[in-house]
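Look for subunit A in each of the two complexes below; its partner is subunit B in the first and subunit C in the second.
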Partner chain A sequence: MAVAARTRSTLAATGRAAADPGIEAPWFARIPTGVWLVGAVLLTMPAYANNFVLFQVFGWSFILGIIALSLMFLAGYGGMVSLIQMTVAGLAGYMVAILGPSGTEQISLGLSWWIYLPVALAVATLFGTLVGTLAVRTEGIYTIMITLAIASAFFYFTRQNYTIFNGYNGFTLVRPPDLFGVDWRQPVPFYYLSLACAALCYAAVVYVARAPFGLALQGIRDNARRMAALGYNVTAHRILAYGFASVLAAVGGVLLVWQNGQIAPGTAGIPAVIDILVIAVVGGLRRPIGPFIGALIYVVLSSFAPDILTAFGLEPDRFKLIVGLGFLAAVFFSPDGVLGLWDRWQARRARRPDPLTGKVP
Partner chain B sequence: MIRLTRRHLLAAPAVLAGAAAARSPLAQAAPLKIGVLVTLDGPFAASGQDGLRGLELALRAAGHSVAGRRIETVVGPTDARPDVALRQARKLIEQDRVDFIIGPLSGSEGIALRDYAKTIPDRTIINGSSAALETTFIDPAPNFFRFITHGLQWGAGLGEYVVRSKGWRRIATVAADYSFGHTNFMGFAIDFCRAGGDIVRRFWVPLGQADFGSVVAQLPDDVDAIYLGLGGSDAINFLNQYLQAGARMNFIGGSAMADQTILSSRGRAREALIGTPTSGMISDENPDPAWQGFVRAYREGFPEGQRFASPSFFATSYFIAARAALAALDAVRGDLSDGQRAFQRALASLVLDTPLGAIRLDENRQAIGPVFVSEVTQRADGALYNRMVRRIDDVNQTLGLPIEEFRALGLPGRDTPNCARLRRSG
Partner chain C sequence: MTGFVQRRPIATLAIAVVVAFFAWLVLAPWPPAVTEVMGPKRVFLSAILSGVTLGALYFLVASGFTLIFGLMRNVNLAHGSLYLLGGYIGFEVADRTGSWLLAFPIVFVITALIGIVLQYVVFRRMEGEELRQTLVTIGLSIVLADLMLAIWGGRSYQILTPDFLSGPMELPLVTAVRPNGDFVYLRYPRVRIWILAAAIVLGIAMWLVINRTRIGMLIRAGVDDREMLAASGLPVQAVFVAVFAFGAGLAGIAGIVGGTFQSLSPGEDTRFLLASLVVVIVGGMGSITGAALGALIVGLTEQIGLTYAPTYSVVFTFLLMAAVLAFRPQGLMGRRL
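Presenting the complex of A and B:
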C-alpha cells in the first residue's frame, strides 16, 4: 500500500507535466473512433452472424484472448514470459467442475454457483500467485522453464489422480448456472457473456497498466536494479503482477469449461500451453488488444484449415501444416506480432509526402 | 430460402397425394452431406487415415450415392482430445450443415460427443471407432449409435479360454491406467473370475510410461500367467525390460497388446509374445468369407505403401459405421425430414451384415456382435500373426450378465471388478 501511494504521487506529478495543459475533453470523447466502431460491430454481431461464428469463433477467441491477455500482461509489462497461465485457467475450470455440478457425480460436490465461482477464482489465483512467487526469482529462459515444468507436472498429476481430478476422463456435462432465467450455454447469451468478460479484462489491464502499480512494473521490466535503488520492492511487484494475471486466466478458465461443457487433462496439456504463447506472440505483446487479435487468427486458422486444404484439392489430414505456416509467416514478417505490422504501416503512412505541398512531414 | 418456397409449391398439390411422395423428388436433388470426425494428428494419426480408407471403401461400393442422392463428405480432423473433437463436431453441424456425423475415433472423444449429441436431437451421430463403455452405458444419447463392440465386450471369451484351455488360474495384471485400460481389463476379468480364475495382484502404469523397472521387480513368481493390458510403445518397452530382467512367464494380451504394430516390431521383445492368447473385435486371419472379401477389397482398393497389410480395427470400424448409415438411408429412401426420426428408427432396428458377421443394436443403441479370441503364432517365415482360436457370437454390453448384477460390479476402474465375489457367484 505504501509503495502504491508513493508511486501515485510521483507518477501523477510526471503525468501532469507531460499532458496537454489545455482543458481536458470528457472521457468518452477521448476514445478513438476505431474503438467505437469495433465496439458497435461486436455488440450487433448476433444480428448478422450465425451461431457457429458467435459461439465457436468469437466465443472461443474471447476466451483464448483473455488467457493470452494474462500472459501479455506479464510478458509485455512485467518482462516475465510465464507458461503457467493456461494451467491456472485449467485449474479454475477443474474447480468449477469439482465444486459445482457435473456428470461425474461421485466426485462433483454440486454446490451453488455463488459458492463455487468465487472459490474457483480464488484457488486458481492463489495457485498462480504461488507459482509466481517461485518464478520471480528467476529470469528469462529460467522463468519459462520453471513455469513449463509446473504446467507439465499439473497435466500429469490431473491425468493420474482419480480421487480429485478423475484422471484421464476428467469431467463432462459441466453447465453454466441458469442465472436470471437465461441458458448461458446458448450461442447468443454465451457470446455476450464472453464479450463482457473480455471487455472487462481488457479494461482492467488498460487501467492497471496506467495505474501507479503498472507503471512501476514497467519500470521494473526496463531496469529492475534502478527501481530497487529507488525504493521499490521488485519481488513484491512481480508477485502481485502474477496475482493479477492469474485472476484474468481464471476468468478465462471458467468460461472455457462452460463453453466446452467438459474438462480433461488435455485441456491444459503442453500443446494448449504452447498455443497460448503462440497466440500472444502472434497478436503482439506490446498492447492488450494483441492477444485478442492473435486468438481470432488462431481460431479462424484452426477452424477452417481443413477447408482451405480441401479447396486446393489437398487431403485434409495436413491441417496442422496450414496453422503452422500461418504462424511462421506472422512471426517471420513481424517479430512483434500483427500489431507490429499495423504500427509500421501507420509509421510509413505518416512519412509519406503531403499530396498537396509535396513536403515530407 | 429458395428451397423453402419450392417445398411449399410442391407441397400444395401433394396434400392429396401424400406428403412422402412430395418429398422424394426434392430429396433427389439435394446431395447428402456426411461429416466425418476422425483423428488425423497426434498418436492416432495413422489410425485415423486407415479409418478414412475404411469409410471410402464403403462409399465407393455404394457409388457415392444412396437412394438417388449424391453423398458428399466433410472431414473434421481432431487430435484425439475431447475438446477438439467437440469443436470440430460443432463446426460440422453448425457451419458445414452436415446431415449426420460418422465418428469419432477415440474413447474420450466418444464420451464428449455423446453429451453433444443430446443438444442436437434432430441430427444423428454414428460412432466411428471410439470404444469406451460409458458412451453407451451411462446416460446414453438417443441419437448416438454405435455399431461396433466396445472395449469391455472385447474381453469376452478370453478369460474362460485361458482357464479352460490353458489351465491358468492364478494371474497378476499389468495394464495402462486410463479409461480404455480399465475397461478392457474389466471385460477380461469378469470372464476370467467367473470361470474360476484368481487375480493376485494388479499393477496400473501411466500411459506413456518408459520405465517399467519397479513393476518388473515386483511381479510375483508364483502365478500361472501375467495379463498385459498395454499398447504401442508401452507394450514394447515393457517386454524389452521384462526380458532383460531374465524372467520368463506366460502372457495374456489385452486387445491393444497383440496388434500388428507390436507383432511386426523389430527386436526380440515380440518373440516373448508367441503363444499369447488375446481377444478383440477383429482377427486378421478370420477364415469367414465375408472378412476375407473385405480384406481383398481393402488390398485392391488402395495401392501398397498407402495402406496397412490388412485392414486395421479403425478401417473396419469406419467401414461398418458407413455401411450402417447407407443401409438405414436406403431403408428410408434418403429421407431425413422430420428431425431424422425415421432414419434414427431405421438405424436402431438394423440387423447389419458386416465383415465380422451380423451386428444388431441393444436398447442403448450399442452393438451386439461377435468377438474373436486369437493366439499369437509364428509363421514359417518368422513373421508373427494372430491365429483365430475361438469366435464368440452375440456378445452384449453386460457380457451376458443381468443388467442389475452388472451394475453392481461398479464402473471400470483400478479396483473393479471384485474377483473373489465374481468367482463365488460364477
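Presenting the complex of A and C:
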C-alpha cells in the first residue's frame, strides 16, 4: 500500500513539474545526495579496502543482491513471492560451465564467451519464464509452494544427472574470459564488474518500476480484477515480470559461477533458495535497494559469524541459527525489513516537535 | 461416483481399462513376451509395493499438512522439521527403552505440544497474514534444522525394526511359475506391509471422523467458511488448536515410520516437506481423499521411475506436478479456487 501511495505522490509530483516546464531540473540533479555519496564511496572502494573485503564481502553481496533483487521485483511490484530465482541463477551458472571452458573437460564444450554468455542468459530466462507461466496460474502461498517444489526438483535433478550436469561434483575451474587483457577474477576487476552489473540491474528495476509496464504491474498487485476490467492482460503482465526477473537472476548466476570458480547442485540447493528469500525479506521488499542491504548484512554475518559466535562462547558452526533467528526477528518485528525500520524512524523523527517553536509539523 | 460416470463416460472407460490392465499386470503370472519388455515381474512388483508403501508414508506426513492448510489457510513450512524431529525423538525413545511401540504415543504427544505452541505463539498472532506466516515457518524450519544438527549431528540414524515386524513375509502375489508348475510368491518386508495397513486404517478413520462425526462437521464447516463458523458462536479456536496438534502429531509419528524403513539425517526435513507439497498440489489442498490419492500417485511415480529410469525419477514427479497444475490447478480432488 505504501508503495502505491508513494508512486502516486511521485506521479503527482512529476505531473506538476511537467505542467510547469520552466521548473523541471535536469535528470542528474534530481538524484538525491545520498545516492551520489554511496556511489562515490563504492567507486573509490579499492583505494581503502583489502582484497578480502572487495572480492568476498562486496563481490558476493552484489551477486546475492542482484538475485534477491529479482525476487524483490516479483514480490514487491508484482506481489508474487517466487522461490525460483536462485534456481534460474543456478541454471545460468550451469550453462556457463557446460558451454564454456571448465575443469570438467569431458562435458564442457569450451565455446567462446560471445556464444555461451548470450545462450546462458537466454536459456535461464526461458526457464524462468516457463516456470512463471506455470506459477501465475496460482496465487499467494500456492506460488511459494509451487516454485519451491520446482526449485527442489531442479536441485535433485542436477544431483542425479551425470551426463549434462555432472551430478554431485558439478563443475570446477570455471573462469571468466580474459576480455581486454584483464583477469576478471582478480579482486579489483571483479569488484568493478559486479558493481557495474549490480548498478545496471538496480537502474533497470528502478526504470521498469516507473515505466508503464511497471506501473501496470503494481496496479495488478493491488487489484488484479480492476486492472483486468480496465483491459490489461493480467496473466501476460505477470509472465513478463517473471521474464524480466529471470534476466536479472541469470546475470547474478553468471557472476556467481565466475566468483566461486565452480558450480555444484548445492549452489542452487534448497538452503540457498531460502537464503535468497531471507536476504530479500530482511533487506525489505518495498524498494530495490533493500535486497542489496539484506545481502550485505547476510554476507557480513556469514563472513564474521564464527568470530562473533566464539566471542559469545558459542560453537562457531551455529551460523545458520543466527541467520534463522535474525530472519524470525525481522519477520516478527519489522515485516518490511531493515528499510521498514528506517522508514519508521524517519516518520517518527518527522513527527517530533520542532525544538525551537515546539510545534508539531 | 455415479455422477462422474454419467458425466464422463469415455474417461471412465479409459480409467477402467487402465485399472484392469494394471490389475492383470499385478495378479497374473507374466507371459514371456511381457517379461522381455519389462524385465522380471519380481522387480516390477517390488517397485509397485515400494511405491504404495512410500505413498503410505507420504500420506501420513501430507494429511496433517493438508488438514492444517485446508482449515486455517496457513502453510506450515516447518512441517518437514516436525517430521524429522519426531523421527529423532522416536529414535531416542526406542533406543533407550527398547520399545518401538512406546515411541509412538510419546512422539505424538511431544510433536502435538509443539504444534499447539506454534498455533498459539505464531499463527494466532498473524491470522490472515498468509505470507508472514509462511515466512515465519521458513525461519522456524531454519532454526529447528540447525538445532537438530547441533544435537544429533550430521550422521544418519535408523530406528531398529521390532522383532515381531522384522523379516520378510510371503504375499499372495505370483512372481513366476516354476517349470514343475509351482507358483513362486513374492516375499516382501513385513514391516512395510504393516505400515501400509496402518496408514490405510488411519486414513479410513480420519475420513470417518471428518465425514461422520460432530467434530468432523465442525472441521468441514471451518474449511468451507471460517468466518461464518466463528460467527455462529462455535469454538473455532479450539478446533484450530486440535487440528494443528493432530497434524503435527501425525508428522512426528511419520518420522518414526520413516526412520524405521528409511533413515533419518539432516536434509530429510526438506525432502519430506517437498513431498508433502507435491502430494497436496497433486491431490488438492485441504482434502484427505486428495492427500491419499496424491500420496499414492507420487509414491508410485517415484518408485517406478527409480526402478526403470533412475536418473530421471525426480523429473517424473515434477512432470506429474506440472501436468496437474496445467490441466487442473486446484488439484485432482480440490475444489475450484
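As a convention for this text, the second predicted complex is superposed on the first by the 338 of 361 C-alpha atoms of A that agree within 3 Å, B and C clash if a C-alpha of one lies under 4 Å from a C-alpha of the other, contacts with A are read in each partner's own complex, and residues count from 1 in each chain.
One rule holds in what follows: contacts are C-beta pairs under 8 Å (C-beta built on N, C-alpha and C of every residue); 3 or more make two chains touch, one makes a residue touch a chain.
This is a predicted model, so every value here is computed, not measured.
Look at A:W345: by the touch rule set out above, it reaches neither subunit B nor subunit C. Of the two partner chains, subunit B is the only one touched by A:F55; subunit C is not. By the touch criterion defined above, A:W36 reaches neither subunit B nor subunit C. Judged by the touch definition given at the top, the superposed model places A:V281 against subunit C, while subunit B stays out of reach.
In the superposition on chain A, A:Y156 contacts both subunit B and subunit C.
Look at A:I144: by the touch rule set out above, it reaches subunit C but stays clear of subunit B. By the touch criterion defined above, A:K320 lies against subunit B and subunit C together after alignment on the C-alpha atoms of chain A. When the shared chain is aligned, subunit C comes close enough to touch A:I270, but subunit B does not.
Common to the subunit B and subunit C contact sets on subunit A are residues 156, 160, 162, 320. On the side of subunit A, the complex with subunit C involves touching residues 81, 134, 137-142, 144-146, 148-150, 152-153, 156-157, 160-163, 270, 274, 277-278, 281, 315, 318, 320-321, 323-325, 327-328, 331-332, 335. Chain contact summary for the complex, subunit B toward subunit A: residues 40-41, 45, 48-49, 52, 75-77, 79, 81-83, 86-87, 90-91, 94-95, 108, 111-112, 115-116, 134, 139, 177-179, 206-207, 413-414.
Every residue of subunit C that touches subunit A in the complex is listed here, in rising order: 74-75, 130-132, 134-136, 138-140, 142-143, 145-147, 149-150, 270, 274, 277-278, 280-281, 285, 310-315, 317-318, 321-322, 325-326, 329, 337. Subunit A makes touch with subunit B in their complex at residues 50-53, 55-56, 60, 103, 156, 159-160, 162, 167-170, 172-173, 260-264, 266-267, 269, 271, 303, 306, 310, 316-317, 319-320.
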